[in-house]
Each structure stands twice: as structure tokens, then as C-alpha cells.
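These notes open a run of structures that come right after.
Below, chain A partners chain B and then partners chain C, in two separate complexes.
Moving on to the complex of A and B:
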């Protein structure tokens, strides 16, 4: 091979990668999860709020990365916090990713069961999915990033298309009044919105692979802003189309929105199949991303070949995904992993940043 | 062959000869050399050895050539006549003894032989190869150097139109079987001192000439070096066609997608050279290879650039759509009719069910049967003489389609689906890419038959994963879509106006990035 591929990602690739990891199950459930918190149609403000909060923490992540620009989170945590504590944080982070992966698998089988394949056994669906994923993961980070580059634009275009079509059932009355009950419901909805944007913290790892690290902050802003805007559009379209009361009763309101209208005269009357197709692709990129990073984490912690962990984690994901008994427990699983993620981002990152800063101060004052 | 002859020779001959033979060098003594060629003649009926005396002297000389490969006019008028009849008096009988063989040799070379291309050769293998390629070898007694005279008269077709890549607007001249003419076609249309032809010989038993063409100072030197290295590593009997070469140097032999482009159009090659790519010409093959390639190049036609940019862009989109349909349409039909009736419009669903009434097979078997018929028709039409071929495909298509529906084996909608698929697959401008999509179609159909739309999506993912992992000479196959090169997208999503394409594709890292300056 002449030019052995540099293991580095372009700026666009990094941003698309992070966005692809963020967009996953949340796309279908978000309008409900937020509205459960707010009980008013103000959820879109919650999303903005969550985005702003995460921008702050995103800034912290960037600052932390600057201490060790060429190392991943897994590599520099032991350096900052010490071997035991650092690896403990790493394990928690990996646990979060394993749970995320399992959640995606389970969510996928649930949705395909409800809308596509009522008779095919879940095991078959999940196993084929994992096999395809492993084929990609084995290629390493570059092919994964390239896949995101191809699939994300397709996703955004298809979503824009089907959401535009839903305009015929859109009723502005459904999203009024804005802040009718004041700021309090908005705040209550924020946790739901926060959970949907989880995934931006992958920059902790991706930064090490970036070609132009100066662009990291831009990538961070883009990968929080684009999903936020995307979610706002979905939220407004769904609430506006179905109304708040109905959304609360639906497991996957975004899909139901597409089922609620028919456009006659064109080849297709209903467009949920399009959305399902691209949504499966997004679940795929999310799954592949976390599966790869979890394997990478283990491999970098133990120094062993990543292949072992890629193959080792696959059955684990499969088993965990089989644990929840019903849809409610599946969503519980989602809440659990999001809490772990929040711990990593909200607690571990600032702590590590503080320690790294102190260490640097101390060592520089030592030199003086 | 050469080795064996040398070996036989070694056993029989005398000491001096033995030594010469061991080195593979020809002897000073003409008789010895003649013995070698005479022995060859036992197995080569078409080998001609013409012994003669130079002019009026008693110096022995001889020419050796392959009877059917040479231009006899040249041998008769410019070699034999010059040496025997027109030999100058000054070098005749009385002076002959005083002339050393070396002087005679030089005089012959400088003043007598009216042949344009003369080389010297000293080893048997070299001479033999030259003779086998149609040159004439002239040996003079007393000199251990022979002259190789270019008398090649290749059997070849006249230049003709393109078979497989026809355009409406633009030249349809195509490459032909002879390397020299193909090189001439490139030189003639790309008048540029930087155009480099680097020659390599490939093949253990038949030395086949392979030319690597590139624009010096434009093509990335590392790419050129890589191409050369890969070709040098080939160790095989014979390269019959550039298709052989392609299979030896491609990156991933297991991939369903071609990783080198083959074309018979000089304009396509020249466009590729101008982008900094490398072309590989093989003697005897009218198809020239281009490396590296990207997936999208197989969906583009030179005509896209000859027409104005708006129709060029629209036709390109049409072709993308055609490629998509030719790959996915039957499986979409299978998925929706076997799994997701609910997702298609009610009326359409009702009419499909109505037409499928009485069809005893599931949609998958039905589709498989019809696709199979189409593929056989296509293959049969291809192998038959042109005029018959068309009749067969039209009659076969109509008759089989019609009677399959009448007999209740296939539904009319399935016939429509299969027909549209077939037509779309003809819209792909490159045959080799078309084949890939043709057999991948059957794979998608099985995915769709097993798990419906979910299977379709998974297959799409699988294929995309394979494509992003694939590389052509180390360059990503799906570029510029992945990795995204915003600059290069103008030639993928659109066919940007020519005056907008100011830079060459960035991915190839050409040495000179700018294609045009100014406004």
C-alpha cells in the first residue's frame, strides 16, 4: 500500500462521527420523554437549554483534551487521576458505552417488531445487525468515520423531507402557549433533552484522532448545535402534528406522526418506511461508534489487541439487550446509562480538568 | 524454451561454444550462431534463415526472421538488396581482405542499411525475442554482435469505433489491439512533452509489453512507483489481455467491485491522465486500464463533459438513479409485497394482490425466475452475432414475459419490475461496473426475501461498509463522498460548468493542483 492511511480524521469526519453517535433512539422517543417532564408544549425550549448547558461542559472537555492532545480519554485519565482512580473512571465510561450499545440493540428490535417485522425473532434481527457492525468495526476508525459521512447527509435529507410533508397535519395551536406556565416546566423537561444529546462526550476520545486539533471547539459546537436543531424540529413537528396529549401515550411519537398522515397521488402514501430505513442507519452508526470505543477503551487500558474486545463485547451487548422484559424497562435502561454518562461528563471531566490544571501549575512553579 | 535450447546446445558443442552458450552470448563464428538458429528451425517452421555473401566479397552473413511477422518489402529492398546488389565497389573483392570485420560491420550499419530502427544485440535470448516480435536479425561472420532491424509488420485491425462505450457527441475512436497504435492515439491527442511512457515486460513465457502512461510532473510520483512495483511483481506465463493484469494488481480480489477502470476510449484515458491518474496499456488489448479509480467514475461518461453542464448534470443524476434502481428495485418489490403490505398505498396493494392471484410462487421465487431469464437472454444476445442477438433478446423478452404471465407463473407487475431493472442496468456506462450491480442484485433479493426492508437497509450498510473500506491503489474508493472533499464534490453531485472546475481532484494529490487560472 503506498500511502498507508494516516489514522487521522478530517474535521468534517469528526463532527459527523459525533453527530451520528448522538442521533439514535432519541430521535423517535424525544418528544415523549421531554413532554413527560414539562407537561406543556415548551419542550423545544428545554432542548435549547440543554444544548447551552452542554456547550459549557463541551468547552470543559476541549480544555481537558488540550492537556494531552494526542491521547484518548482512556489513556490520559490514569495519567491525571492516578492508575486506580483513572481506570475506575475509564471502566465507568466503558460501562456507559456498553449499556448504550445494548440499549440501541434492544430499541432496534422493539421498533422493528412494532413497525416492520412482527414475526421475525429478535435474536435473528440483532445477530445479523451485530455481524454487519463487526465487519465495519474491524476496519478501524477511518471506515467508521467515512460511513458516518455518507449516512448522516442521507439521514438529514430524508428527515427533512418527511417532516416537511408532515406540515399538512401541523396545527400551531398544539404548541401554544409558549411558556404558558412559566419557566418551571421548561426546567423539568431539560433532563429529558439532556439525555437525548448524550454522545457529544465522544470528543474525549475523538480528539486524539483529529487531524486539525485547533478545529476541535468548532466540531464540538457543531455536534451539539446540529442535533439540537434537529431535535427542536422533530419536537415541534411532532407536538404540532399530534398534540401533547396524544404524544404522551405513544412509545415512538415521531414514527406515529408519519403514520398519522397520508399523501395520496404520489407513489407512496405513507413515509414511515423511509424514516425507518434511515433511522436504522443512525442506530447502526451509534451502535458501531460505542462498540468500537468500548473495545478501544479496553484495548488501551490493557494493552491487548483490540480484536479480542470487539468480539468479546458483541455477545455481552446481545445478552444485556435481552434483559429488559418490556418496553418500559427498555426505556429505564436508557435512563440508567444516561445517568452514568452524566456522571462521567459532569463529575469526572471537571475533576480531571482541575487535577490536570493543578498538576501543571505545581510543576511549572517547581521549575521556577 | 530458450533455456532448453541453450541446455541442449551446451551438451553437444565444443568448448568455445560452450562458454559462449553459458553466457548466452553469440559467438564470433557465424557457423556456430547459425547452428543455434538451425536447431530452432526444426521446431519453428516459419523461421527463415537466409545466408548470403556480402556484395562481391566472400564475407558470410545471414538474416534471420519470422516469415509471417515481417514486412518482406523492407527485407528485400532495404536489407538484402543493399547488402548484395548495391554493395559499393570500393568495398568489393580486392579490398575485402584488408577490411576488418569490425569496420565492415560499422560501414554496414552507417551506410548500407536503409532501415529506420536498428539496435545491436549480443545474447541469444535477446535476438530470439526480437525475432519472435517480428524484427530481423542480421549477423556477419567474425563479429559477435548482431544487428536487430525493425521490420515488424503487425497484423491488426483498422482503427474503429468504440464497442462498449458509445457517445452521441464526441469522438468515438477506440483503442485497437496493437500497443503502438494505442500509444500513437494518446500521443496524437495529448501533445505534451510530459506524457511519459514507461515500458515493462511482463510474463514468464511470453514477454508481453506493458506501458505505464502518466503525465510527468502531474501524477503523484508515489502512485506511479506503486503501479510499477505491482506490475513488476507479476510472475505468470502470459498476459493475454489487460484484464489479466487488472486481476494481478488490484487491491482486493474478493471485492465485487472493479478497482481499476478499463476503457477503450482515448478521451477517457486522456482526461484521467490530466487529472493525475496513471494509465496502463497492454500489448494486444484494446482496453486500457486507469488507476486509481473511484466508484463514481463508473457512473460517468465522457459525454457528460461534452454536453453543456445542465444536461450533463441531469443525465448524471438520471444515471445515479438508474444504478440505484437496477440494484434495488426487485428487492424493494419483494420486501414490500412479502412483508410490508401496510406500507404501500392501499389501492396499489390491492391491485398487486389481484395480479398476483394465481401465481403459485412467493414473490422471491417469481423474481428470481424472471431475473434469471433476463440474465440468460442478455448473455445469449451478447454471444450471438450482432443482428441475431438483438432479435433473440427482443423476441425472447417479449415471448417469455408474455407467456409467463399468461401461464400464471409470473405476475404482470413482476414483469414490469424486471424489465425496468434490466433497462436501468443498461444505462450504466461501464460494462464491468454493470456486472457488479447485476450479481449484487441477487444478493439484495435474498436479503429482502429473508427480512424485508430491514434486510434491504442492512444490505445497503454492508455494501457501503465494503465500499468505504475498499481502496484503489491506496486511494479511498468512495472519494470524494467519503472522505468528503468539498472541492471535489462539484464533480460528483453535479457536473459543474467547466470554467468552475479550476482545480484537479485533490485526493490524488497531483503535483500541480490548478487546472485553469483566471476567470
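Moving on to the complex of A and C:
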């Protein structure tokens, strides 16, 4: 009973939390964004490559966390880089999360406008979404992790089911040959794949809440590998079903794949609504996660109550989500926040790790 | 529970909650009798008589809408209406449709788009079908066909016909026989057509026509990937050859009618496959096609036929193989020399085996295809002969 009172996450909860944050808008656009880079059907190799690259940086994140196992990124950054620089990095990280949250909101309203609720005003959709999210976020990190624990398996099962059904339109010709034009197209596709796996760096924060910190590396591997496999399946199914050249002409290829076949004989003929339902759940968990962490970041930087920031950030997300004029600018917003994320992961984390290592080295040599 | 129901106020509260569930109906509801389900669209070249807003009319679209009627006995009877409208783009026509159709039109269940030959020959299919691809209200699982003569006539009601056959759906049910007849082509959905158009590959569309009072699926239209227009027709015999070349799952009947050698028999094919092997030597591209089939002897008019004798079966196999090779040669001749359109997928085979070479010839592949040497080989095995061994 006493154990329950602890504000700590189990290993599985942590992994599901990170995976839920990773899966978001990318699920629907990934086949196109990668193929735009490769121009060949080799995108699935790009996903593997991106996964491997991120495993390396994931290892750096784990190493950095080991210096301050009980502190979050926001708390130890000022300790490592000094108050000003550390808080600057924190602010950049929070900016990334605010933009992510706004992007999810806008993506949600754009997709539901097209496929699900054409007459419902965007504002209504977004506001209801935010209100439900705030209700959950107020409960703290444990309820959020539990929601992820419930929703993620449902998502994976439904996705696996609808993608299996798409096998009837699958044409293996479409995904061959493997690396016909060499390795160059694969490398060109990697940035698109990298952008889709953003979110694994939430381990910078989640590590502090883990019950068994020794399992952190396992969580990291799982939270990069599972989305990668998931993306590979989506990519192969979509390219195999619709053909590479057509995928390049579609805004949301994964959904179009489900609209390209009808199953007669079982209860339902069309499956895109199932996919959309669970996809909205994933958008929700992504939004809740980044909203909570952004609020947490502000609260840990300023030492004020987190509630101020939870309520304060909500209108900000709403306003930013209204900025893009059309779908192109929405996708651009996605690129922008991914670049900020890459800065945090690729530049700030190794720098902080280096400084932390040096500091420890120096302090231990002084002791001698 | 009892103590709870004893108080009158509690019962009232339960009543209120229940009425909440019952009274809040579907505020977005539409009676099914009042909406028109659009099941098929026939696209024809406009006659030129009707003019809209001074612009030259280009397309006449005929919408086949489901119109359920309730008879006096109370039974619902399925019926349909055809509405023809002329305009210059698809969306303009649908706007016109809204002006004259009572009730909302729901095109979520659109199954068939029939394009008349005339229109397909003159209009870029990518433009013609763009509205259906872009629009979220139509699915890309919609089937596309070419219609001989007037596409509208295919959708017309037969006065003598009993029952409730809706032409737009009937066509698709005929295509379901494609494992029974080698002359039928699998339907091409908008997704497949979109793929071919985007990758500039030529492709075949099944052709439908009205013969007397019947809807008949015969021949196939060749659509060029470059111009995105229809370039010609191949006849049913050549569709046979095409299906052997492609070798997709399925089957059908192979009829051999050789009067000279007195070999008249039919083989039901239950398995067919093909392998296209590209060869590149220097600048020279060539192809080998190996076709393999398995079937059952289902009918023969041969004197003293003895299926227990292997030599007899081998004779039939050889004769059938010659026929298959002949069918494939004839369709290849037409595709290469007459239409210059690679609808079989030789380009795809080259792309997969020799990606670098294909990258060089990709731009004018259809032109190159016309002069590429192709060798065809057929291998047919008669696995069964039914329950009758000899005459």
C-alpha cells in the first residue's frame, strides 16, 4: 500500500509513455515524407538507419541521466552548464514541447476536418481536446502513464489488424528492388525517418520518475525499436499497396491505403474510421505528455506550482495551433519543432555529458 | 435497490435520466428515404447542344442514384434514377446536380465510374479523375471502366428486366467471374489507376458495353502512361494473352478449337503464373517470359479420347501451349507495334532487376518497349480429367 503512494513509474509504464509520445502525426505522413527523400522504395531501410542512429544518442541520454539519477533534465541542466546556459537550454527544450503540442492540435483538427468531422468548427474540436487533456494532466504523471498503458496496446492491435487487411491490395513489385540505386537514396530518406522518431528524448525527464533506474537502457531500446518496427510495417504496407509514385502525391498516404480497399463479408466494410479513432488516442497521449512536461519544466525552473503552468500553457498551445494558414504551413511547423528537438538531442545532450564528465573528473582528481 | 425506489424523488430522478437518453436524438440525422446514394457515374463526351454559362460543354455525366421506393404493400423496392448533366469539369457538374436533385447526394458508396471511349481518347484521365481522387467523399476503391459507345446507355434501365439489378453494381458482379473466364480483366480501382498515372505506366481498363439488353464485358482499353489517354483496344482473345503474361492469381477456361487436327477441347485453368526475365547486354534490352499453368481437362470432342494414356494428355498439353503462345504473341504484337504501350509490366521487371539501366530508359520506356525483342514460352500441365477416363 505504501508503495502505491510513491510517484514512480514501472518499467513498462515508462516505455509505453515514451512510445506513446513518439507515435503521433508521423504515422499518417511517414511514407510520403521518407519517400520524398529517397525517391526509391527503400524508405524502410532509412527507418532502420534512423533507429540505429538514435540508439547511439539514446545511450548518451542514459549516460547523462546517470550523473543525476533522481533529477529531471530541467533540474540538472543548470547544475551542469551553469544557471544561465542551463536555463537557456531548458527554455529551448520547452519551446520544442510547446510547438509539438500545438502541432498535434493543429494536425488533429486538419485530419478530422478532412476525414471525420467536416462541419465541426476547429475551435470546438481543439478546445474539447485541451479540456480533457488538462483534466488528465492535473492528475500528475502516474495517471498519464496509466492512460498510455491502456491506449497503446489498443492502438497497436487495431493498427496491426487494419494493416493486415490491406494485404489484399499489397503488390510486392512496388517495394522492390532493395537498394537498386545504391545506398545514397537511403541516406537521403533518413532525415524524414529521424523526424518521425522524435520524442524518445523524453527519457531525459522520465528517468527521474522510474522505479528501477537500471532498466532505463532497456526502456530506451524498446521505445526506439517498437516505433521503428511499427513505422517499417506502415511504410511497407503503404508503398506496397499504393505504389511509390502515388504515395508522393498524397497528403496522408496511410489513411488513403485504408480507403483503397473494401472488405465484404465481415461486419464492417471500411476500416479508416477505426484507424482514425485509435490515431486520435495517440495524438491525445502525445499532446498530454508534452503539455505535462512543458509545465513541469517551467515549474521546476521557477519553483512555482505546476498548476499555473498547466493552465497557462493551454491557451498558448491553442493560439500557436491557429498560426499556420494551410496544410503546408502545418507540415512546416512539424519540421521546425523537429529541428529544435534535434538541436537538444544532438548538441545539448553531448555537450552536457562532456561537461558533467569533466566536472566529475576534476573534482575526483582534486580529492586525491 | 428497494430503499432507493421507495422515495418518489429518486424515481423522478431516474425518469429524468432515462428521458435524457431517449429524447436527445440524432440531431444530425437524415432520413434514408431522403438521401440519394450515388452508386455509379457514367462520363460521356457532351453532345454540344446544351450550353452552360456560355462555356463550351465538355462532359456529360450521368449519376446513377439509388432511389428506394415504398410500395403500397409496405415493402421497400430498390430502384434507381439516372440524372444527366453537362458541364466542363466534374466538380462543376456536381454543383449543377445539387441544383436539381431533391435531397442530399451521398457519394461515399460510389462503386463504378464508366468513361466512354470517345471521352477517354480525348481527355487526360489524370484531369478527368482528379476530383474523385482529391475529394474525400468518394473512395479510391471505386472501380474504373471504359464503356463502348455511350457510357450512359450502359447505366440505362431495361424495361423488360425483372428484379432490381442496378447496372452500376451489376457490372462489378460480372467481373467477379474473373476466375471462370480468362477473358475478363480484374477491375482497376481508382487507387491502381492513380498509381499507374502517377508513375506514367501504361495500363489496361476493362471495357463494358450494352449488347441488346445485356451488359457485356468485352475487350479492354489500352491507356497510355505518357499521354494519359486511351490509345486503343485489344480484343478478348488478346485479353487472354495478357492474363497469361501477367500471370496473376486466378484462372479460367482455355478453349482449343482446332478443326484441322480434329482437336477440340477445353481446359479449366486453376493455377497460372508467369515470370518476366529481363536481359541487358550492353545497350540491348531483351525479355524472356516463362508462363506456367495447371488445369483440368473438362471437355473434349476428340474421337477415341483416352485420358488414361499419358501420350494423349501430352498431345493436348502441347496443343494448348501453342495456343497460349499464340495468344501472348498476338497481344504483344499489338502492344508493341500498334500502341507502343507497355501494359504488362516489362518496365517494372527491368526496374527491379536492372534499376540503373531502367533509370536511363525510364523517360521514353514505352517507345523503347516497341522495339524490344521478347521471347515467350508456355508450360501447361493437365493435372486432372474429371471423372471420365475414356469415351
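The criterion applied here is as follows: the second predicted complex is superposed on the first by the 364 of 368 C-alpha atoms of A that agree within 3 Å, B and C clash if a C-alpha of one lies under 4 Å from a C-alpha of the other, contacts with A are read in each partner's own complex, and residues count from 1 in each chain.
Throughout what follows, contacts are C-beta pairs under 8 Å (C-beta built on N, C-alpha and C of every residue); 3 or more make two chains touch, one makes a residue touch a chain.
Small disclaimer: the values here were computed from a predicted structure and weren't measured.
*Asks:* Would you check which partner chain A:350 touches, where first means chain B only, second means chain C only, and both and neither mean what they say?
*Replies:* In the superposition, A:350 contacts neither chain B nor chain C.
*Asks:* First (chain B), second (chain C), both or neither: which does A:280 touch?
*Replies:* First partner only.
*Asks:* Would you check which partner chain A:242 touches, where first means chain B only, second means chain C only, and both and neither mean what they say?
*Replies:* In the superposition, A:242 touches chain C alone.
*Asks:* Looking at A:151 after the superposition, I want to know if it touches chain B, chain C, both of them or none. Which is it: first, second, both, neither?
*Replies:* First partner only, chain B.
*Asks:* I want to verify the contact counts: of chain B and chain C, which reaches more residues of chain A?
*Replies:* B
*Asks:* Report, in rising order, the residues of chain A that make contact with chain B in one complex and with chain C in the other.
*Replies:* 270
*Asks:* Residues of chain A touching chain B in their complex?
*Replies:* 1-5, 10, 12-13, 112, 116-117, 120, 124-125, 128-129, 132, 135-136, 139, 143, 145-147, 149-151, 264, 267-270, 272-273, 276-277, 280-281, 284
*Asks:* Where on chain C does chain A make contact in their complex?
*Replies:* 136, 139-141, 189-191, 194-196, 198-200, 345, 348, 351-353, 355-356, 359
*Asks:* Which residues of chain A touch chain C in their complex?
*Replies:* Going by the criterion above, the answer is residues 40, 114-115, 118, 169, 173-174, 176-177, 180-181, 241-246, 248-249, 256, 259-262, 270.
*Asks:* Where on chain B is chain A touching in the complex?
*Replies:* Contacts found on chain B: 222-223, 225-226, 251, 339-340, 343-346, 348, 451-458, 460-462, 464-466, 468-469, 471, 473-476, 478, 481-484, 486.
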